[in-house]
Each structure stands twice: as C-alpha cells, then as structure tokens.
Amino acid sequence: MGMPLELNTMIVTKGRETRIEENRFVLEKEGYRLYPIDIPIDVRKTIESDTNGTAVIKKVEWQENRTWLTYQLISLNSTN
Amino acid sequence: MGMPLELNTMIVTKGRETRIEENRFVLEKEGYRLYPIDIPIDVRKTIESDTNGTAVIKKVEWQENRTWLTYQLISLNSTN
Amino acid sequence: MGMPLELNTMIVTKGRETRIEENRFVLEKEGYRLYPIDIPIDVRKTIESDTNGTAVIKKVEWQENRTWLTYQLISLNSTN
Amino acid sequence: MGMPLELNTMIVTKGRETRIEENRFVLEKEGYRLYPIDIPIDVRKTIESDTNGTAVIKKVEWQENRTWLTYQLISLNSTN
C-alpha cells in the first residue's frame, strides 16, 4: 500500500550524469528518491569513492518509478 | 540548514488545476511537498470540502520552492 | 547508501495493535515508515478492508529497522 | 492540512546534546525532522562550524512537534 522511497544525502553518479550546461547536470536514478534540494551536498562517483565535489540540486522529478535530478556543481575537488 | 517539506495525503486543488488531457491534470503548489505517487488518494477542492473523487499522482516535480503534480482522476463523486 | 523508507497514508493494523489506554494503541511495523502525524487518517485491518475508523498518530519511533506508532482512535465505523 | 517536516542531512547539536553512554547521545530538536538513520552523517556544533565528527543515528522519535535523536559518535575530529 505504501510508497517506497529512499532518503539520500549525497549524489552518487556512477558516471551516468549528463552535462546539460557549463556546470549543470542531469542524472537518472532507479526508484523514488528523496534528496535535499537547494542545499550543498557531496557528489561522488561511487559510494566508496572520495568526494568529487559539491553540488546543489535545483530540480527533482519523480515519474514511473524513476527519479531525475538536475544539479549544479558548485565546487570541484582538484585532487580528482 | 534543513530542507522544509510538507507531507500530504490528499490533493487539495483550490480550483487551480489545469486539465491537460481527458482525465489528466496538472496542479502547482507552493513549497516542496511530498505526496504518495502511484497510489489512489482523495481529491478535494478545499481541505474542508467533501471529496471530489480519487486520483493517482503520476508525476511530481520540485523546483524553485514549488511542486508540480500531474495526476489522473480515476473516479469522480457523482454528488459533486 | 540511502535509507529505505515507505510513505504511508493510512494505518493498516493487521489486527496487531495493542491497546495501551481507552482509545490509544501502539502498533509495530517492519521497516522505517513515514506517516503523517497529528492529522486524521484512516485505520483499516487490511489494505483491502473497509475503514475501521479514523485515528490521529501521536508518536512515531524508528529504531532497528522498525517503526512504532502510537495512535488515538477518534472515530469508529459502527458498521464494523 | 499537510504535515510540515524538515529533511536534514547532518546533526547540528548547538551544544545541547546529552551523553547517555560512552559514545551515545540524545538530542532534542524543534519540529518533525527527517534524518537518515543507520547511515554515517556529519555532526557539527553549528551549521557554519567545521565537522566535529561522524555519527550514526540509532533512533528517531517524533512527538508533540519535537524530534528526539539518539546517535552514536563513530569518529571524532582530533582538530576539534
């Protein structure tokens, strides 16, 4: 009866992000996922990897058991 | 620091819905709102009014402190 | 990485509620579940059954992948 | 009609935490707040301060428009 969702505190790209503008990316994830929006969060390639940088999610879309994130990279780790 | 959101269990239209197809409507709401998606929920014109019918939300979008719902009306109360 | 949770819009007791006071009950559910608190919601014995009545959740506890609800029955369907 | 809640991605103590065991603390916050449970998150004294360490929330309770967190400190920043 309920609606399954997943609370996420960082963006894990798995390298599947698509650049749509200079610093703006879209990422599609399986399932309905709840992310903090308008708040700086970590971006990582995998859960275990070091942070790639910091991003702010600008838009979240939920449809057909998928989540689309549009996020803006606000800082990048130079060590990556 | 946190992200304010509002958990909603029904759709309150205040008469502001826009029909985009036969039984499909779009509704814009203030703030980030969490609704159950893919689950039948009540549709009402106001919080205090009787139910208008039952709908299933098919899409939720969050952006710039607004929420857009796309929902499909699956039954209508004939008394309305 | 994320935290799975389930958004619920009604209380489904499956007959497992424990009465702790006159109109006050505790119910344990599997997993982390998000319910609207301080808002009247339906109480049902099973998902398919008719509503038993209306309750207001007064307390939610999450621990060890379980959810405990404390709710107050505010109206009862006489037909049940 | 809806239930206001706040999505949080870190613990901000404002120095109000109470130690209940060696590495275990309780913290009371205003309002209903959603935190990731069973997942390592940052602990800070204020939003602007550097991280104090990392904790795992073990228990969340919501009641009377307040949230109680029980968390376990799993690492401490020596620079603090």
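Read from first to last, the chains carry the letters A, B, C and D; within each, the first residue is number 1.
Keep in mind that, in the parts below, a residue touches a chain if its C-beta (ideal position, glycine included) is under 8 Å from a C-beta of that chain, and two chains touch if they have at least 3 such contacts.
Small disclaimer: the values here were computed from a predicted structure and weren't measured.
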Greatest separation from chain C - chain, by CA centre: A
Centre distance in Å when chain A and chain C are each reduced to the mean of their C-alpha atoms: 32
Distance between chain centroids, defined by C-alpha means - chain A, chain B (Å): 25
Multi-chain contact sites of chain A, meaning residues that touch two or more partners: 1-3, 7, 9, 34, 36, 39
Touch-based graph of the chains, sorted into line, ring, star, complete or other: complete
Sites on chain B touched by chain A in the complex: 1-3, 32, 34, 36-39, 58-65
Chain A residues within the chain D interface of the complex: 7, 9, 34, 36, 39, 41
Partner chain D, residues of chain B touching it in the complex: 1-10, 12, 33, 47
